[in-house]
Amino acid sequence: MIRSVFIAKDGTVRTDLQLADFPGALHDPTGILWVDFEATPPETDEPTLREVFGFHPLAVDDALQETHVPKIDDWDTYLYIVLHAVTFDPTDGGHVDTLELDVFLGRNFMVTHHDQSIAAIEKVWEACLRDERMWKNGVDYIAYRLTDEVVASYMPVVEAIDEAVDRAEDEVFGRPTPDVLEDIFTLKRAVLHLRRIIGPQREVLNRLARDDYAVIDRRARVYFRDVYDHLVRLHDITESIRDLVSGTLDTYLSVINNRMNDIMKTLTIITTLFMPISFVTGFFGMNFFQPVAEALKPWADLPVFAIAMAIFILTPVAMFFWIRKRGWT
Amino acid sequence: MIRSVFIAKDGTVRTDLQLADFPGALHDPTGILWVDFEATPPETDEPTLREVFGFHPLAVDDALQETHVPKIDDWDTYLYIVLHAVTFDPTDGGHVDTLELDVFLGRNFMVTHHDQSIAAIEKVWEACLRDERMWKNGVDYIAYRLTDEVVASYMPVVEAIDEAVDRAEDEVFGRPTPDVLEDIFTLKRAVLHLRRIIGPQREVLNRLARDDYAVIDRRARVYFRDVYDHLVRLHDITESIRDLVSGTLDTYLSVINNRMNDIMKTLTIITTLFMPISFVTGFFGMNFFQPVAEALKPWADLPVFAIAMAIFILTPVAMFFWIRKRGWT
Amino acid sequence: MIRSVFIAKDGTVRTDLQLADFPGALHDPTGILWVDFEATPPETDEPTLREVFGFHPLAVDDALQETHVPKIDDWDTYLYIVLHAVTFDPTDGGHVDTLELDVFLGRNFMVTHHDQSIAAIEKVWEACLRDERMWKNGVDYIAYRLTDEVVASYMPVVEAIDEAVDRAEDEVFGRPTPDVLEDIFTLKRAVLHLRRIIGPQREVLNRLARDDYAVIDRRARVYFRDVYDHLVRLHDITESIRDLVSGTLDTYLSVINNRMNDIMKTLTIITTLFMPISFVTGFFGMNFFQPVAEALKPWADLPVFAIAMAIFILTPVAMFFWIRKRGWT
Amino acid sequence: MIRSVFIAKDGTVRTDLQLADFPGALHDPTGILWVDFEATPPETDEPTLREVFGFHPLAVDDALQETHVPKIDDWDTYLYIVLHAVTFDPTDGGHVDTLELDVFLGRNFMVTHHDQSIAAIEKVWEACLRDERMWKNGVDYIAYRLTDEVVASYMPVVEAIDEAVDRAEDEVFGRPTPDVLEDIFTLKRAVLHLRRIIGPQREVLNRLARDDYAVIDRRARVYFRDVYDHLVRLHDITESIRDLVSGTLDTYLSVINNRMNDIMKTLTIITTLFMPISFVTGFFGMNFFQPVAEALKPWADLPVFAIAMAIFILTPVAMFFWIRKRGWT
Amino acid sequence: MIRSVFIAKDGTVRTDLQLADFPGALHDPTGILWVDFEATPPETDEPTLREVFGFHPLAVDDALQETHVPKIDDWDTYLYIVLHAVTFDPTDGGHVDTLELDVFLGRNFMVTHHDQSIAAIEKVWEACLRDERMWKNGVDYIAYRLTDEVVASYMPVVEAIDEAVDRAEDEVFGRPTPDVLEDIFTLKRAVLHLRRIIGPQREVLNRLARDDYAVIDRRARVYFRDVYDHLVRLHDITESIRDLVSGTLDTYLSVINNRMNDIMKTLTIITTLFMPISFVTGFFGMNFFQPVAEALKPWADLPVFAIAMAIFILTPVAMFFWIRKRGWT
């Protein structure tokens, strides 16, 4: 789907432009043209981007065919910017995905290209149609709003991951199962993926805020610096989460070993208590003793039996104190 | 709550200024105006900050609505600085929290904005009313004192965490329980949180001490350098603590495994001692031996019984020496 | 095998050049000469490279005799570039190998030298013979295409490794065997090897895209920047894979310990259930009881036997509840 | 204790200067004045340092009241340098402590301040009184000698720690006890503490060797570069030790687990050997067999007994071969 | 041993120079003088180096008395360079040692100083006597050859360590013993030691290749850049080895735990199979049953005995299926 909006100097908003109207719109330095390509076939986009807008073949190739990390290329009369919006389905085990958004930004136009619908695009598009503050500050202000919306969408995702790490941690201490391990691993992957996107994206915004680009007004830079500050914070948080996730893995192992310790203690105590006295029952169960036993029918007042009973009672008591002394309980 | 203090050139201190008096105070380059917004509704602050003080909408937005890591923005006629004060409740399991403090610093005024009461603000405010040295050196000296107090509040927190790590370590060696693990994890989170704040805060102070800002007097920079040195030290200590915390986790695992080793040794020794001789009692308990036993009523002088008794005594002795040879005890 | 292609200004393509024709071709600034040395003996190459092309002995040595990490040396009238193509045999347990490719790039010539056949060389060679776009933009464009093909060959390898890590991870959670450990270790080696090549290769492309070399046209730099962007992405992915591989090793240990926990629980439960009641059977198996037993022939209605039976039934039940309380199941 | 030494141009050494003589000594640009404050009360030092020497209040505060990491501040007419000497008591479990040494270095004077006696100070002080080479090169040469002595005192400490790590390692392989773990942890703390001091100290010396300070003669810089080289080496060694200490912790865990493996093998072999044959003795101990046994009084030639005996002998043999096949021994 | 070689402009090679001939040789700017001090007493070297060659006392001290990491100091008329040659005895458990080599390099002379015989020195010395190419390019070319030989000696050492890591890895998977652990630890130490030398040595060569030194001809820099490239590669390989060594330690733990898992499974299966049926034999071994047994002499057709036999057979079968279901085998 290709859609476009042209805002003339006097504030007239036109959304009915055809392909043939673009060159005219581009040549009006006082108007603002925004063309959005969503899920369009590369074959038809390519001639439009190259011939109508005159973009460099390399930039067009990057936009149409390949997956890139966020970057910014300065082609003098326009900037080619790759951003990544984020999608996150909390019901889907914390799987994080990013959607590439290609932006061509000129002095009086912006071309956006993406394969899936991106919420940030919709929001800014709606605002352009309704809110005149959007275009009064020029097309670079619209670009700022777009980057701002894209970046703002990361915060709930990062916070959801942070909470998921918290929950995983609680589970590790409470009920460490292999499922928690898998959750932790999924979170690790998600955080690594986010870092891989947020890092270069931060760099893109840093350059928008600091470098001297022909198409970006000096005064507009403070806006990009604001978005940059958000990305710095996001990056710091993902770093912390990554650190915590590693710690959670270590903790899991410690908790599991702690439990094993507990289990082994029980096993050892039971064995320590019963094995010696079981031997004693075996001893007196040997057939050597049977004749003796027969001779001693009034069994209750026998010293041998009393000795056996004493062993049965005293051995566990002695073991108990020995175990206690070793500090196991 | 909005409160203000105006110190005229002649040292007159006024704290009864109304909103309407601010523009006049701002236009007196020889006086110093400090306005403090604490827990005020953003809706009412926003017009004041924008219209009365003429701050840029982006800076006002940052101050009123959003959470930021420490940063400094130069808006030529004023600086926008985000600092973080720290709160720490030692009774609350070592939970560390930071409070955002927004500062607008001009040549002859300072505006502070925060959502909760901050001890550093109170301290400097009191000093301003009583101590003339505070304002004799200009508003940048007051700003220095504020950053100094904010940073000084970190030291007891960092030291408390360092001691808590020490205690956790001692517990790991003495009595490793899962509770210690949870404490260690809480400490790790606290340290990561502090690092995330102290790092950028250090950068802010570094820039205040080195960069050439219109609103900061050259001679005032040495003061900010002093605060910067404190933050460098704080940062180094948090790095060390982080390293130690990781080491404590590893140690915990080692200690737990060491204990398990001990437990398993006991289990194995007990099993090794009693299983073979229990088999012997079982052997002579088989009913094949009963007739034999009956034929041998004067049981004490029997070689078979003597052999059994010898096995019962010699097996444990042999085992004991074998275990000793393996170096388990 | 030495082969060469000379493309004259008018587009005539000659592939039948002899060694003696090279000097003439080199002196025609409007033509393009590409000489490819594949698996040729160093003894015969050396004089050719030094005398015909006039390359510096050090550069010739580097090309002929030694293994290098990717690098770029500027010899004013030509660049000496070391690249590495990648080979990967998925059937061979994920073994990754890199092939050194030496490139001498002048204003109107390119000399390539490699010991094994490299797919990227073949592809670009074919394109040169057929596609006039290849040489219309000068020899630096051909060099760009070559680096582009070399770098493009990394992506499937890196993706195959990423998938192998995914599979190893799944196996770790499902069926952790020492074989998986060996796979993980092989993957780790592969990733470390790739990083060691991709890192410097990225640096080579960065310099091609940014530095001012006499033999590279200013306009050609954007092409190298594009290749550089690919390498940045490759480098980021290998970093993530390395991080994941380390995590997989940790997870393996956790999963194994988890299983051990499970096994020990079973052992302990069985022991806890049967050891005490086995002692009871032993107790009543002692020969003291035989006479008693004989006196009590109508055995079913005996309190002693009833007590024994009660112990046999109640002990496991009590143990079961005790175990449950400890949260083992 | 305050002591001072004044060396006039003609080499006269005076150590009897009173407070009142300092201003005169300071105004003689050809003499060298060194005042040393050791463990003096801050209340009395403060006015001396501020009024007599005219040091900035901030520098005086730093020197008198606070603990700092090594740093250097340039106050134009003098440098304020914080160094740390090291103390190490090998009998005290490897506890490392550092002593702060504050140095004010002017063109013709040096003021040192420290709370405890520092060996380096004593050494240089003695040399000043006796050796004319010390002051012939100016006060910056004395400062060099002081930093050199301070840094030289680190080497035996670092070497002692390195050896302690070696010993801990040997113990880990020979006899891994929790005591070794505690030693390792103490060493880790010591190394982290040293790194925290050596890192900034290296930076101080780097600046003394490279920056252009008014009070340091150009030719004196090569001396500070020499001290800097020592610190670089010290820093590298502490980095290596830190790496080794972490490795030792990992090794400890591996060795402990290895031993546990050994213990478990023994337990399992014993159980595997005796449990099956104990069952057989139990089987033939059941009372079903008693009548049979009675009927078969000439017990030695019974096939049932022969079978039982065969089981007793063959089961362990079979088990032995099975265990061997699994590679446990 | 002090030996010297003087090569005059016309190629005359003299090796019979006495101490008294050095000043004359040094003053001949067209000749080349190389003096080599091997294992000479510092007391006699010191005056020679200071008075004859005029080296700075600090540089002489560094060369004679102290151990340094590789470094380069520019003393204007000469360079003082510290290099490290490597020795490695494969039969000695992979112990790596480095030998310090001090080089003073002037415009027309080179002085080398070392305490042990270094193979690289011998090689270059021999070449100087025989091969005129060595000195036709000036003394800086000889210095290049020396650094080249020193660096070349690292490659076999690093490769031997890499192979040793490979072997250790194979042993970890095949037969993990504590000996392997000790080997791994020795390798770790060796790699850390090499890194500590190679890192600064790389920096020395980088500076020789890039900085503008009076004694190094501009054209000679490309030679040092070549040595620098070797060191870059060496550094990358040692980094990889270090990474692999750490991974091997982790793997060791995993393999050990895997084996323990196996052992525990066996123990648990044996216990699970035999403990319940041993209880049953004990149950029917109680003396309550003896009278019953007697009453039932024709024992084979008894339902009670049949039930017992069924338990003996069915319990292991049930256990077997239960174990199988849990996925232990």
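A, B, C, D and E label the chains in the order they appear, each numbered from 1.
As a working rule, contacts are C-beta pairs under 8 Å (C-beta built on N, C-alpha and C of every residue); 3 or more make two chains touch, one makes a residue touch a chain.
All of these numbers come straight from a predicted model, not from anything done at the bench.
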| item | value |
| --- | --- |
| Cα superposition angle of chain B on its copy chain D, in degrees to the nearest 5 | 70 |
| Between chain E and chain D, distance of the C-alpha-averaged centres to the nearest whole Å | 24 |
| Where chain B and chain C are represented by their mean Cα positions, the distance between them in whole Å | 39 |
| Residue list for chain D, restricted to those that touch at least two other chains | 250, 253, 257, 260, 264, 267, 271, 275, 278, 282, 285-287, 289-290, 292 |
| Arrangement of touching chains [line / ring / star / complete / other] | ring |
| Ring order of chains, beginning at chain B and proceeding to chain D | B, D, E, C, A |
| Contacting residues of chain E [partner chain C, same complex] | 169, 173, 222-223, 225-226, 229, 232-233, 236-237, 239-240, 243-244, 247, 250-251, 253-255, 257-258, 260-261, 264-265, 267-268, 271-272, 275-276, 278-279, 282-283, 285-292, 326-328 |
| Residues of chain A touching chain C in the complex | 56, 58, 62, 67-69, 71, 73, 175-178, 181-182, 185, 188-189, 192-193, 196, 199-200, 246, 249-250, 252-253, 256-257, 259-260, 262-264, 266-267, 270-271, 274-275, 277-278, 281-282, 284-287, 289-290, 292-294, 296-297, 299, 302, 304-305, 308, 312 |
